Structures are given as C-alpha cells and as structure tokens.
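Structure first, commentary second.
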Amino acid sequence: MAPITDHDVDHLDAHQDGVAYRAAIVGTGFMGRVHARAVHVAGGRVAGVVGSNVERAKDSLADMYADQVFGSLEEALDSRDVDVVHVCTPNHLHEPVALAAVAAGKHVVCEKPLSTSAASAAAMTTAAEEAGSLGVVPFVYRFHPMVREARAKVRGGEIGRVFLAHGSYLQDWMLRPDDDNWRVDPDLGGPTRAFGDIGSHWCDLMEFVTGERIASLSAQSSRVNERRGAQAPREVTTEDMVIVQFATESGSVGTVVISQVSAGRKNRLLLEVSGSQGSFCFDQENPEVLWWGGRDRSSMLVRDGETLSPDAARYVRVPAGHPQGYQDCFDALVADTRAAIGGQMPDGLPTFADGLRSAQVADAVVTSARERTWVEVGP
Amino acid sequence: MAPITDHDVDHLDAHQDGVAYRAAIVGTGFMGRVHARAVHVAGGRVAGVVGSNVERAKDSLADMYADQVFGSLEEALDSRDVDVVHVCTPNHLHEPVALAAVAAGKHVVCEKPLSTSAASAAAMTTAAEEAGSLGVVPFVYRFHPMVREARAKVRGGEIGRVFLAHGSYLQDWMLRPDDDNWRVDPDLGGPTRAFGDIGSHWCDLMEFVTGERIASLSAQSSRVNERRGAQAPREVTTEDMVIVQFATESGSVGTVVISQVSAGRKNRLLLEVSGSQGSFCFDQENPEVLWWGGRDRSSMLVRDGETLSPDAARYVRVPAGHPQGYQDCFDALVADTRAAIGGQMPDGLPTFADGLRSAQVADAVVTSARERTWVEVGP
Amino acid sequence: MAPITDHDVDHLDAHQDGVAYRAAIVGTGFMGRVHARAVHVAGGRVAGVVGSNVERAKDSLADMYADQVFGSLEEALDSRDVDVVHVCTPNHLHEPVALAAVAAGKHVVCEKPLSTSAASAAAMTTAAEEAGSLGVVPFVYRFHPMVREARAKVRGGEIGRVFLAHGSYLQDWMLRPDDDNWRVDPDLGGPTRAFGDIGSHWCDLMEFVTGERIASLSAQSSRVNERRGAQAPREVTTEDMVIVQFATESGSVGTVVISQVSAGRKNRLLLEVSGSQGSFCFDQENPEVLWWGGRDRSSMLVRDGETLSPDAARYVRVPAGHPQGYQDCFDALVADTRAAIGGQMPDGLPTFADGLRSAQVADAVVTSARERTWVEVGP
Amino acid sequence: MAPITDHDVDHLDAHQDGVAYRAAIVGTGFMGRVHARAVHVAGGRVAGVVGSNVERAKDSLADMYADQVFGSLEEALDSRDVDVVHVCTPNHLHEPVALAAVAAGKHVVCEKPLSTSAASAAAMTTAAEEAGSLGVVPFVYRFHPMVREARAKVRGGEIGRVFLAHGSYLQDWMLRPDDDNWRVDPDLGGPTRAFGDIGSHWCDLMEFVTGERIASLSAQSSRVNERRGAQAPREVTTEDMVIVQFATESGSVGTVVISQVSAGRKNRLLLEVSGSQGSFCFDQENPEVLWWGGRDRSSMLVRDGETLSPDAARYVRVPAGHPQGYQDCFDALVADTRAAIGGQMPDGLPTFADGLRSAQVADAVVTSARERTWVEVGP
C-alpha cells in the first residue's frame, strides 16, 4: 500500500480531546450497531444500550461496544454517564424518546425520518432548541467526500446557475408480497413509507448540495402489493413508489423517482444537477467518483485528497483508489456531532431543523399525491 | 475478425427483390443524408432530391447517392420514377409536403414530429390511410436490437407486471444563449421544442417497449435562455426543458426529464422499467447492452445473435462485440419500410398512427404545463 | 434528432467523382458481405463476386449488392470492369489470389493476416509495389475516430514520452471442444491462429497509435482444447491463447493477452498506453469514448466532432451521442482506399507493408513461444 | 436506511470474548493509523505505539486510539500488556522488529513485503513457527467479499479448469521526477520497488483466488525516472514498472503489468481469470461487484449478503448498495487475526508463509528481469 504512508491525507480527528461523548443507544437492531461502531470509531464510548427486550439486548453488547444494558429508557436518561442519546427505534417512538432525552438534558442523534408528521418534528425541534440540546438527524449521504465536492462546486459558481435536478432512489427489498417490515404499518412507520424512508434522503441531499429549496411539488404514489405478509397477509396502506416533480424557490425544476420495489436496484440513489456552466451526477453506490460534465468535457472526478476542495478533502480518510464506504460516512457524522457538542459547528451537520424540513416536504408529498394537485411546501 | 465468417448471423435482407424503392428526398441537410444512405444500403435508389436551394442541392448529390436534383417538389411528385417521398424538412412543412405526396400516390417517410399539432397529424394519418399510402415516422431507436430484446421480454412475461417506467433524454446543444436553430421559432418548429423534438422519442420508445399507454400526465416546462441568437438576440417562447410525470391506462406510473441544456449530455436517452419479475435499463448511447435486473441478479445482456430472442436477432448485423450504431438503425428502418411496401408488415414499424399518438401526448404536455394540472391524453 | 440537421459535421465524401471503384469480391462469407456493403456505401460498385461454389454465390448476390457471379477467379481478373479485388478467402488463399490480382493489374484489398508467413507476405508486398498496385489490409480498428484521437494526442506530445502499452484481445467463440473452424487447421489458417487472427490487430493498433515499434518480444502460447470438432474430433496444433510481452525500439515496454477462449468476452480489444504526461485507454467494444488520464484527471473524451482533433473529426459521421460502429469503420476504410486509388494518400490507410510488418511480429511470436526466449522482431 | 434493520446480515463478531488483543503498533505513519483503527474496531486495545520520534508519536496518540507512547521497541516488547506487535515501519526494519517481537513471545502482524529478500522472509517465518507465534501479513485485498466469492466459485468448480489469469496493478504517485519516498532507496525498501510494493499484492491475490501457483516466469522491469528528488536529485536503481508473464504448476498462463507511473490510475488492481466454464474480473477500485462472464452471460455479481456464498457473506457488514471499503478489509483482517489467536484458524488469513511465498516470487522476478530469461520460482 505504497502511497498511504507518504501522503499527507487530511483526515478527521479520531477524537476531540476533552469533549465527552458517552452515548446511550436506544435500539439494538442493525442501525443501532452502525451507530455504535461510529461512536466507537469517533473515540466516544457506548455507555449503554436500551432494547425492547433486555435479554436480547444483552446478546448485542459485544457488537455494540457497550458497557451495559440499561434496564429502561428512564435508567439511561437518569444516568450521569450519558451525554448523547442515539434513537434507533421504529419511527413512531422517535418523538417520545427524543423529547424525553431532551428533557433530561441530553443531546440527541435521531434516525430519519425525524418523526411521522411535520407537526411532531416541529415540536421536537423546538424542544431541543429550547433545552439547548444538539439534535442531529443522520442524513449520512452528506458525508461522502464527493457530495461535498459537488456542493463546493455549486457554491463556488463552477456549475453556474442551477436549473435542473433529477434522479432516483431505488431499492428492491419490498418487491414481493411476502416482504414485510414494521415500516409497512402506518402506526409504526408513519403515513408515508417509501418517501419517508428514502425519498427524504434524496430531497435532503438535493437541497444540501444545490442550495435550492423545493417550493412546490406534484406527486403521485403507487402500491404494487396491496397485501403483504408471509402468513395471513394483511392490507397495506403505505406506498411502494412515489414520483415527485418540483419547482424550487429560485425557479429550478426537477423530478425524482422513489421505489422500494425495483428489482435489481439495491440502494441506487442518483442525483444529477445541471446548471449554466456544468453538470454533475452522483451515484451513492459508486461514491468514489463524481461525473462532471460540460459542453466540452465528460470527466470523472476522483476522491483524491490531493485534488479536492478543502470542504471535501476534510472527509478523505484514505488515499484515492482505496474505497471509502457507508460506514465511513457514519463515522464522520458522529465525529462532527462530537465536534458540535464541543462547540464547533461543522458545516453540513444535519440537524433537527433539517429533519423538520424533510417532514414538511413529506407532508406536501402526501397531500399532493392524495389530491393530485400541485402543493406548496409549507413551514 | 475471426468469428464473423463462421457464425450464422440472421441479418436483414439487403434488398427485397421486386419491390421498387425509388425515393425522392425532400431536404438535403444532415437528416436528408442519413435517409439517403439508408435508402442506398437498403438496396433502394435515390431517384432525386428536392432542396430549398437548387444550387446547394446539386452540391449534395454525391453525399446523397442521388441521380438528380428535382427542380421542385411538384416535379418530384410528378415523376413516375418515385415510389416513396422522404420528408426531411423543418417541421412546419411536414404536413403540406406529406399531404401532397400522398395525393400524388406516393408512400411517405416523414421525420418526427409528424406535425406541429395533433389535429394536423390526424389529418395526415387519415389522408395516407385513405390513399392507401404507407406512412412511416422514423422513431429509429425502436431498431436497436436490445430495444427489441426488452420488448420481447415484456411480451414474454419475463418482467411480470410492469408498474414503473422512468428515464431521461438529455442533450446540451442548446445550452448557451447563442445556440440557435430553426426549432426555436414556433412558426417553424411548433409550440413545443424540447418535448416535440426528443421527448416524443422517449414516449414512443417507452410505449413501444412496455405496451403501456400514457393515460394522464402532469408536466412542467422551463426555459433557461429567454433570448437566443448570436447577433440581435430575439425572445424565445419554446421550452428548453420539460418534466413529465404520468400514469398509464393499466395503472403504471412514471416520469421523464427532457432537456436540451444539460451540459455534457449529448444524446442521453435512458429508459428504465420495473416490473414484478424484473427490471431493465436501456441507454441509447451504449446500445449494445441491456441491463437486466432481478432480486438476485444484475446482468448485462449483450447484443449477441446467438442468445437473443428472434425479434431482436432479426436486427443483428454483425457478431457480438462489433458495435452497431445509429446508422444501422436507420438502415433497418428503411429496409422494413421497403418490406412493408412489398406487402409484409414488419412488427414495430413506426407509422403515421404512431406519429399521431406522439402528437397527442405532446398536446397534453403543452396543456398540462400551461395549466399546471393533470391532463388526460386524448385521441 | 434535433442537432443533426444543424451541426456542420465533417464527414467523408461518400464518393470520389471520377475515381472508378468497381470491385470483385472473392469470398461470399460474412467478411465478403461486410466488404460489399462498404464498397456500396463508399459509392463503388460490386462488379461481381467469386465464390468457391457458384450456386451458393448466386444466392448471395442481393446481400452483396453484386451485378453478377464470376464463373472463376480468372474471369474476374480478365474483366475490364474490375478495378479492385477484395480477398475474403481463408488465409492460405490470400497469397495466390492477391498475386494473381496484382499480376492482372488490379488493386487489392486483402483480409488479414496478409499471409501465413512473413516470407509470403514480403513477396506479396514486393509484387504489389512493382506492379504499381495499391495493396490494403483491413486493420479496421484504425478507423474508429477515438483511435485517431489517441494517435493525434501522441503525435501532438500531449501524452509525453510513451513508456508503457498493454492490453488484451479476448473472445470466447472457440471456448468449447466442439467449436470448430477452418482457422484451426494450420494448412488453411497458418501456423498461428489466435495471434494471427486477432493478436495481429492489437499489435497493429498499438504501433499505429503510439508510433512505437516492437523490437523484441517474449511469448508463450497455450491450448485449451487439444482436440476439436463435433463429430470425430481431431488433434489441434494451433494455439487458443498467446501472451506476448515486448520492448520497443525506443525502450517502452508492454504486454498483451490474446485469447479465443475467454468466456463472456466477445471482442474485447483493450489498449492502454501510459506516458510522462498522460495515459489513455481504448476499448473497441465501447469505441465512442477514450479514457484520458492524468495525475489530476480521469476524463472520458467523447466522439464529438466539435471537440476532436481534425485527424479524428474526419471520421465522424454523426453527432456525439449517436453511436458509430464497426461497419462505419469498414465504410471509412474503403472510402480511403478509393481516395488512395484516386491519387491521394490518406493518413493511416493500412497497406501491404503493414500486413508484412504484422507477419514479421507473428513469426517472432511463434519462434519465441517455441524456444521460450526473447526474440528480435526482424525484417 | 430502511433495509438495514430488517435483514439478517451475517457479520463478523466485533470482538471475541476472552481473546486478549492488546497491540503495540510500531510506526505511526498512515499505515500505523489504519492498523490502529482496525484494532480498535475489532474490539482490541492499542496498548501503545512506538515511533522513530517520541514527540511526534505523542501527537498521534489520539489518531491511534493509543494508551501511551512506548519509549522504545524494547519497552513495548517487555510489556506484559502487549499481545501482538504490528510492524508498520519501512521495509528494512521488518525483519529485526518482527524477530525481536517473536523472541519476546508476541504475535506479529507485519506489513508487506514481509522482508526484502526470500532468505530473510524464510528466517522470519521459521522463527515465528518455532516460537509458536502467529505471523500475519496484511494482504488485505483478500478481505473484499467479492474476492472471497470469486474464490468460492473457483473452489466450487463453477469456473471449471482455470487456464488464464491476467491483470494489472497501476498507480501514478511516482510519475514525476520529484516524486520521492523511502521506498526508492533499496537500502530501506529492498531491491524491488514496484513489484515488492504492489506486484506482491497482485500475485498473492491471484494465487489466493485461483489456487494456481506460479511455477516459472519471464519478467522485465523499467525505470521512467533515472533520477528522483525535488532538491539534489539522486540516481535511482529501483524499478517504476514491471511486466511479468508466468506459467503455473498446473499449466495455466498469465501476465500482469505493475506500474507506479501510470497517470490517472490511482490504485487500479485488476484481476481477470478465465476457465473452461466461466470467467470473472475483479477491480479493487470498484470492489462491490464481480464481473462474471460465460458464453451466454455477462453478469455483475453484487455484494449482497442474501445471494453470496457463505465464505463471502462472512465479510458482509452492511446490506447491498451500501458500499464497503478499504478500511472494512483491514478491520476484517484484524478480527480474523484475533480469532486465530483465540485458536480458530479462519480460512484465508494471510500468514508469514504467504509473505515468504511472495518474497520468493519477487526474487524470481528480479532474477528474470536481470537475466532476460524464464526463471523457476523456487522455495
């Protein structure tokens, strides 16, 4: 691995001396484990975990780098050894857990969607603000270096006036009638499934990168499987696919296709943006490069610490050609969260305000799809 | 080129014995030359050309494999040596030239869009039908073998129930304010520029491949350059971009982005379709492969005469790995047109009825974009 | 197809007024048909064909755009209506047919490998030279515009000092023991099969593009199937794979892998070249782009008549994004051959001298593989 | 990130209860930091670091998750709190550090190349064996799930008889005359630079995946920059490029191109293997997919825990479509090392025996390049 020893790669500090980051992680499923590893890599400590089932939670201790299992959420919130609460539960519990954590004076990292309605997300945002707690929502795709490079290009004027943004977020894990999940149930997952779960990521990423804000939209949603479940299939009310077209406050236009039923697409988040001076395309499944187009060029910008803008180079951990991945994004998000707790405010850290914004867009999507009209995205 | 001699590649007959194909080509620009070459390769004869300027037309004789320049359209139509008229003029002349040709008893191949309104396209379609003339519209992307393979898969049930179709058609040749063209002028090009010119291709291809028919749509159009022209820029009323989302008669949903101002995209027609058993994606700029996805697979189907369905293999001219291209599609279109004149009706030959269908979709797009509502696509 | 009518694409003249190009095509297999179409497209005439079987040859008349079947080679050579003889026979007949054609005062286009030994190829080259006949060998990959672009970059110094060239030419049509062909028989195909048939293409292309000349080489060949044939398999003596590493006269180094038995590779000719200022990579199966690398860049150069060098733009027939293919190369080769007969000498037309060079490299490969030593490539 | 919570992804145990893994890391450069993070993620502890400069080492403590800086190697080796020594120094120190660690009863993870000669590597291997110490060499590319999938396919017979292996390992960080590094100096890096540093990776990977062993080889090496250094350039004796062709014990053939001067190639390790039933191609820069070719197929196998073989699925940490990267490989290597210390022997853990094998191949490459002959690879 020749070049590694010798290049001066700008990298994130593995820890922030003097900034305590003792986390309680609520939820021991896969997302919980991803959060735990990120806390551990960021130099924090997983003070304990909270699970719906104490015995099962104990089995996860090793995977979660955790010191203990808390007997209850209250026990975790009462603990003086907890600085931050990571909420990795089903969606309907985001609000009560986060509000309780904020009330207990903890910082909160809450999985997306922040909540199942814009009203609820607004309440959470206000509560955190008033309590002086940091509230973070893991829109982790913001932490791909090439996403930051695209953003830097927009900000630096290299793309000119942005007038078009489009793309997709396609998965296939809900293709079949017997594919099932708590998200299918609106009482647990909220009224929008596909958009809430992954459409929210795309819209956040688009607005984050381009600086454009969706002002109005026209959506339609669709369901492939009217009943789901291996045994005793039950009726489904949440959508499998959503199509949204939109106009932004500045007059740009765009569209995105969201699907959890597109066979062969695993996690295909594509974002393509066109402006008066250039275009780019980012593919989350191939995040080491950014297509960068112009009238006379078709380039692949490479995640190379030696050529990127400082904003992007900050998230480069290994030299070009040594792929970074999904967990690296999460690690960087927690490192930035820790820095924010320490008083810095790293550019681009997704907060509850971003989660609220996302909930407002989701509300507009649901309304538009129901009424088949253009809808303003409201505060 | 080892394998070529030895494989039995099904190929199109270079000519149809006994089927006269003597063409008059109206318009000597680039499209005229593409038509001329296709006539020549298909074993037809370019009996003569008609140009707006007789002297300039004479200069094109060699490029157009033409025997002569006709002094006027009338002269061409009067000629007993002309069986087919190829209309390669600006859009506003399609109707009068085609109607005159039909009235003279000729067959017609008329560039797309067939006409600048659905009403006019309907009149042309009826006239051809009543005269017993064959009317063909060169939706040439239908002639890529991998497009036929996708169609065969849909028809054969391999993709299951189709529920999603999306994609784009992106170009950049109109990006800059000084990029200009007769299409910009609605009197010559019609009321819709980007959609009429390239959006029509995408919609035809989608409907052709999937068998789905767009029932209703919601569109928005946008203009990047309000004025165009190198000297004395003039105001522009036609659109640079269109976004269309739609629902089909069977309940499938979809969206497409059309743009002539996306820097770095030259002719990027992408069509992705998802169904209950599989998905495919076709990229016109890379037409030798078809992505073929399933829950457990991500395959690149190769244009290989030995593995394709008969409907696709019919358009294979050279062995796998020896790229076919744009002109090969045009050559195949004219070969099939000749066969149709000879009394066969090759599957998939795009006729005036398809051009009319396309004009109806275009009308709905214009209406929807103007009124910001969902619009039914009407006959 | 909006942009086509409006761009001024430099294109090859479809014909050369006053330059007669009446061809006799010897061999009516697939290569014969590819030659015939190219003659037709180039504005020449297929005066007649010669086949091993007169009846079968008659069936090919339509496909070959041919006026007649000659009763024999002699009849074709005696004809005053034949200017050029295209030799599309098995390899062992290249020499006698070409020598007879030259003796009859005809120009010759002879399929590669020019002959089955360097001595024989030298004799053919001398004969054509002394007779004043043009001798052309269809190393057609030279006619991809992006190959010309790579060559222009080398010549213009954009790549700096060339020091490395490597790649492959992989096919799979001879993978199985029952895959058979006249090329397997050394009496018909010559002593080297894989290298003679496709390795020769790669070496020609590398030398053509880089200007480097292979000075010495070390090769090994290998056979996967010791016996071939569906019925009564017989012993095989020709190779299925060859690996060649080499040094050039200027001190560059390189290697190439040649295989006719690599499952899933259809016609994968890859050429990658590195120099002190940049690198490029060309993939024959994806010929519309050229990868162009530098310390700070990874670009895809697009076949766009508006941005290419004049040497490359000369072979652009259609605008960027409308794929050109294999047949377009052949059409251009014949057009350039016609121009050469007319007294021009288009840069890059592959002649008998290039075929001889190729035979010399092939001889060195055979010797090196047999003796397992480095061998000088000799004249 | 919908699917994550719900899929049962087989993942590596984050730690092995009861298996102590307290590491001393010798060398605080970038590789040292990569090792440290992997120890931390694997649930081990970085008991301390040893640096050539104690002050600078102190600055790295946070990045290295380390408890302390040892004042010297001896101090680290004397410590009862150290179970494993990670050797991340320049090459010439590998042998003395590793031998001292083994003598002190420690396990050793030693960066590649294991040593600068086969004799020295043999001594280290013997010493570790006799001491009962585990010796590991981080050929980390073995830990990409798709590499394991390829290996499983070979072992399962899906590829049939392997007869061809080829590829490249290309970088550009040494392209310019002022690019410099301790590896350039043979006293520090050893007699072979490009091959020792990255060629060793390719050969290990090829042998690991295919089970083939290189029996004999013919190599040439080349130098682009005869002098290096920004100030006071000095003469260089180590190579910038190596080309190796080889035959294996079973009769397969192959070739590989190694270069540190190929502009635009950052870490391009490609391995393509062909057999009688199929082919695959792995690209380290795009490690989430494996090309899988057959006469009738061209598939991209996706790193999807639900479809991979158990041997590959073992290294899946996140669902398909969420990229894994370079650090994930290193984390898995240390996790497997810890398991091996605990008495398991995970398949595919690269040991000193593999490092020795690699040194033997390197010796043969140096000899062959010097003598321009085929050389047997010896023990």
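Order as written gives the chain letters A, B, C and D; numbering starts at 1 within each chain.
Please note the rule applied: contacts are C-beta pairs under 8 Å (C-beta built on N, C-alpha and C of every residue); 3 or more make two chains touch, one makes a residue touch a chain.
From a predicted model like this one, the values you see are computed outputs, not experimental measurements.
Shared contact partners of chain A and chain D, listed by label: B, C.
In this structure, the chain pairs A-C and C-D differ in their number of contacting C-beta pairs, and the larger number is found at C-D. Distance from the chain B centre to the chain C centre is 33 Å, each centre being the mean of its Cα atoms.
Mean C-alpha positions place chain C and chain D at a centre distance of 41 Å. Centre-to-centre separation between chain A and chain C, using Cα means, comes to 53 Å.
The multi-chain contact residues of chain C, meaning those touching 2 or more other chains, are 265, 297-298, 302, 304. Across the complex, chain C is touched by residues 1-7, 9, 11, 13-15, 17, 29-31, 33-34, 37, 40-41, 43, 62-65, 88, 111, 140, 171, 173, 181-183, 197-198, 260, 265-268, 284-288, 302, 304, 317-328 of chain B.
Across the complex, chain A is touched by residues 163-164, 166, 168, 170, 172, 175-176, 218, 220, 222, 224, 241, 243, 245, 247, 251, 253-255, 257, 259, 261-265, 272, 274-279, 291-295, 297-298, 372-374 of chain B.
Residues of chain A that touch chain C in their complex: 289, 296-302, 304, 306-307.
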